[in-house]
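Just dropping this structure here.
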Amino acid sequence: MSWVLDNLDVIAGYTGAHLVQALPPILLAFVLSLPLAKLANSRGWLRTGVTTTSGLMYAIPSLPLFVLLPGLIGTGVRSPLNIVVALTLYGLALMVPTASDGFRSVSRDVLGSATAQGYAPAARFLAVELPLAGPVLLGGVRVVAVSTISLVTVGGVLGVPSLGMLFVDGVRRGIVAEIAAGVVATAALALLTDALLVMLGRLLMPWHRGREAGRP
Amino acid sequence: MNENPFLGALDWLADPMRWSGPSGIPVRTAEHLGYTALGVLVAALIAVPVGLYVGHTGRFKGLAVGAAGVARALPTLGLVTLFALLVGIGLTAPLLAFVTLAIPSLLAGAYSAVESADPATVDAARAQGMTEWQILTRVEIPLGMSLLVGGVRGATVQVVATAMLAAYVGSGGLGRYIFQGLGSQDYPQMIAGSLLVIVLALVLDLALLLLQRLTAPRGTVAP
Amino acid sequence: MSIHSTRRHLLGVLGAGGLALGAAACGSSDPFEEEDGSGGDSGSGSSDGGGSGAAIAIGSQAYYSNEIIAELFAQALEAEGLTVDRQYQIGQREVYMPELESGALDVLPEYLGNLLQHYDSEAVSATPEEVHSALAEALPDGLRVLDFAEATDQDSYTTTADFASAHSLTAIGDLAGVDEDLTIAANSEFEVRPYGPDGAKEVYGVDVSVVPVEDSGGPLTVQALVDGDVQLADIYTSDPAIAENDLVVLEDPESMILPQNVVPVVSEKIDEAAADAIDAVLAELSADDLVELNRRSTVEQQSSADIASAWLSEKGLV
Amino acid sequence: MIGFENVRKEYPGGTVAVEDFSLEIASHEAVALVGTSGSGKTTLMRMINRMVDPTAGRVHIDDEDVAAMDPVVLRRSIGYVMQASGLLPHRTVLDNITTVPVLRGTAKGEARERARTLMDTVGLDPDLADRYPAQLSGGQQQRVGVARGLAADPNILLMDEPFGAVDPIVRDELQGELQRLQRELRKTIVFVTHDIDEAFRIGDRVAILRPGGRIAQVGTPQEILADPTDDFVASFVGADRGARTLHVEHVDGRDVVVDADGRAAGVLAGADGRLGDGGAADGDAAAGPGAEALATEERPR
């Protein structure tokens, strides 16, 4: 425990670095998944392809991907960009099928009536389709957020600064408190982000308030 | 041998020497499968009864949802290293981490399987004189079986992709190729190990998807 | 073609990326600069306030012992009135060597044998002096190594006192007489190192198989040995756990294991005054000193900054 | 015989579903509990098989307090038919009907044999035996529900708006079938509905409930129609609207029954007794819009 108190600045520094790597992939996965999901929904075979690719992506172990990606995209192993790209790919693998389901869950009748009221396609998407798919999208983003924040730690094995460094350093020095601090800080970061997303959802989708039963 | 590490990985895999002996691909694959099965099984022994209980009674739902959320948020690498420092090398530490990893999916599967049964159907079963156990085993589980298998499927794919961490603390599995390749900059070997993990994950995913389809109760699928 | 050329190819790509990162790491807007600093430099007065052009960038491996040595250099240079920029806990040699070559890093503590192997994977074992002069040849233009310390941190075949006395073991070669299957806990790359199972077989006629434990001879490896999960372990010779657990490092009379004396690799930015300050530190750094420094980190859980300043004042270096 | 003695049901949170309810139901009698939603009629019925336990008071069957009985054994001895049938979607028609006998330990073969007989009794084509519920029409599902309720040959049959989810023509058929069955089987039936015409058609006696399970009036349909106790009952049975105030007009040599609004409600039966059903059917004929009743009556059978 005294290790934690003596090294609060170290933990804080790693937490900052952790967030810098975790937040862009969460945001990117969400934004990119929308057009990809719309595209996938436009053709049956595309949808099958997207689902299959997503399953394939998610089966790739993260550590080798972190090591290999630089060779493919030309970033450095220790570059946060590398981690951001890899985690965006994992995020998309989770998010695109969810977004595709979300858009499919929007009733055709509602969309038809929106068109009948004179919504142009873009306006209809932003004002009707996106909000109605919102609850499903939020569920997807929550899963992506928690999983991404957890996966960032793997970069620690390669020396990319994040809370994962505490695991690698802790196991070498035999300091249990250091590893435990990394585990707790990572989980807290994930749960805090999740709670913020839920709050954001309530703010943006007041009509949905109280209906969302958390998924176990 | 090949300049490109990805083609090098294929050369590595094509070498017949890799396919025999105690550190050969069949043995490592079997170990990997064994760790995965053991992790999912132990997690299922914990999560499925709890999920069925929560789904059937509706009690402790908030607690179960919260616990699963926390388990989901725990970084597996941290758990492996933490448990390893506490219990030493071997299978125990990674297994504990895999169990933690698998529990949320299994809990969600079991819980939503039971909850998915139409309340009117359950009510009718109770009114006819089924005991709570009979309602669970003859109505709720058969009706939700595919969701339950879906939970097993999710947990299995997650654990199989993570089971490489067993090699971090002294056990075998396909992670041996990945860590050895990483440590000695033998990237073809590392990629080959990763490819084997991916193939294994996809095969298991497909097999469980098939099982999921088969366990969907007849009568509930539109004719 | 061999695996090695494949490796070089990939490393080339990695290196290019590292270069880009190195350039970025110099800019004050890079969010990782601070993180790198705080990663190891907890609490001590780091003086990165000076212009980045004047500051000496000191790097370290993601290894607590290496970070302590880097911190010794940092504080010694600061005592000379120089400005230093700490960039500790960089994961891999494939990442930081290109940064040294590009000038993004100026000083990094290294180990004789490992550094030579990075440039020449065929390197065979030799005396520290021979490795040192081979290194001078192998290093690319713009980089050089200063004098090496007595302190060494090399791989070893280590066993418990009980096992050693039960089988009358003093040297690695004695293992040939042990009538049971031998396993050694080590990082998985030990398998393919020249001093790994193949080397032991070739040089000493000893059969061992590797149980991989990826903590680089850390507490898990030690515990596996003490618990009897394995008979041998590859534990770095500077590890205080060897003395604490009454472990026996088997002798290596044939010098199968590369010498790993601490040696700083530096860029052209290190002038003679700076080099003298670093040399002064290493001249004092005995093998026992390094063990003691490590003990303060693992057992007493002190930060590298505190450990370094205490040792430097004990030795009268600052 | 089923008896309610001053039962009360209060839910946690203070909602009172039933305030104070007492009623005796004789053996072999069909009693319809009718009321709007919130009248507690379903709650009352579910007290009989202990799907709901009263907060106060007691329910007894043949002078035995149900609170002392094992709920599972009790439920297996009582037939239960509910809205949308509540069939198990993953079991075939035959398996659904044999559920309770099998739970009670009847041999499977024997239970199936009886189930086939029951299918015939409720007018189900035997070819449907191996279908799943989702493959049946709404009316067929309800028939399976009734057969299932009868499968263990219970003395008591509880029916919770069993025909509420089917279209009017099928409902009319099912009501007719139930009347026929009841003439043969003579069960004690408690029938919950919000449809007063259905209540009048099925019930030997009808209990009209106000919110909170308070009885507005109990009696035979004739008694209630002849003498509604208050405005609530009069309004409920439609007497105040004149829908029940019928008079006869002569049209083309036949006697047409017309309601207070002048809408035709039916044709008066001649001396040949063409109108087959009893008194309850008169209520039925008066039920819907008159023109429809007329058309139904004149439809060739």
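All chains are identified by letter, namely A, B, C and D, in their written order; residue positions are counted from 1 within each chain.
Quick note on the criterion: a contact is a pair of C-beta atoms (placed from the backbone, for glycine too) under 8 Å apart; a residue touches a chain by one contact, two chains touch by 3 or more.
These numbers come from a predicted model, not from an experiment.
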Grouping of chains that still touch (sans chain B): A, C | D
Set of chains adjacent to chain C and to chain D: B
Most central chain, Cα average position: B
Relative to chain C, chain with the most remote C-alpha centre: D
Chain A and chain B, separation of their C-alpha mean positions in angstrom: 21
Between chain C and chain A, distance of the C-alpha-averaged centres to the nearest whole Å: 37
Centroid distance [mean C-alpha coordinates] between chain C and chain B, Å: 38
Length of the line joining the C-alpha centres of chain B and chain D, rounded to whole Å: 51
Numbers and ranges of chain A residues touching at least 2 other chains: 71, 157, 168, 171, 174
Two or more partner chains touched - positions in chain B: 5, 81, 84-85, 187
Chains grouped in pairs wherever the two touch, ordered by label: A-B, A-C, B-C, B-D
Touch list for chain A against partner chain C, complex: 2-3, 6-7, 9-10, 12-14, 16-17, 20, 70-71, 74-80, 82, 157-161, 165, 168-169, 171-175
Residues of chain A that touch chain B when the two form their complex: 55-56, 58-65, 67-68, 71, 146-147, 149-151, 153-154, 156-157, 163-164, 166-168, 170-171, 174, 176, 179-180, 182-183, 186-187, 190-191, 194, 213-216
Chain A-touching residues of chain C, taken from the complex the two chains share: 10, 13-14, 16-21, 24, 31-32, 34-39, 42-43, 62-64, 89-92, 94-95, 215-216, 218-220, 297-298, 301, 303
Chain B to chain A touching residues, read off their complex: 5, 51, 54, 61-62, 64-70, 72-79, 81-82, 84-86, 104, 107-108, 111-112, 157, 160-162, 164, 178, 182, 187, 190-191, 193-194, 197-198, 201-202, 205
In the complex with chain D, residue positions of chain B that touch it: 118, 120-121, 123-131, 134, 138-139, 142-143, 217-220, 222-223
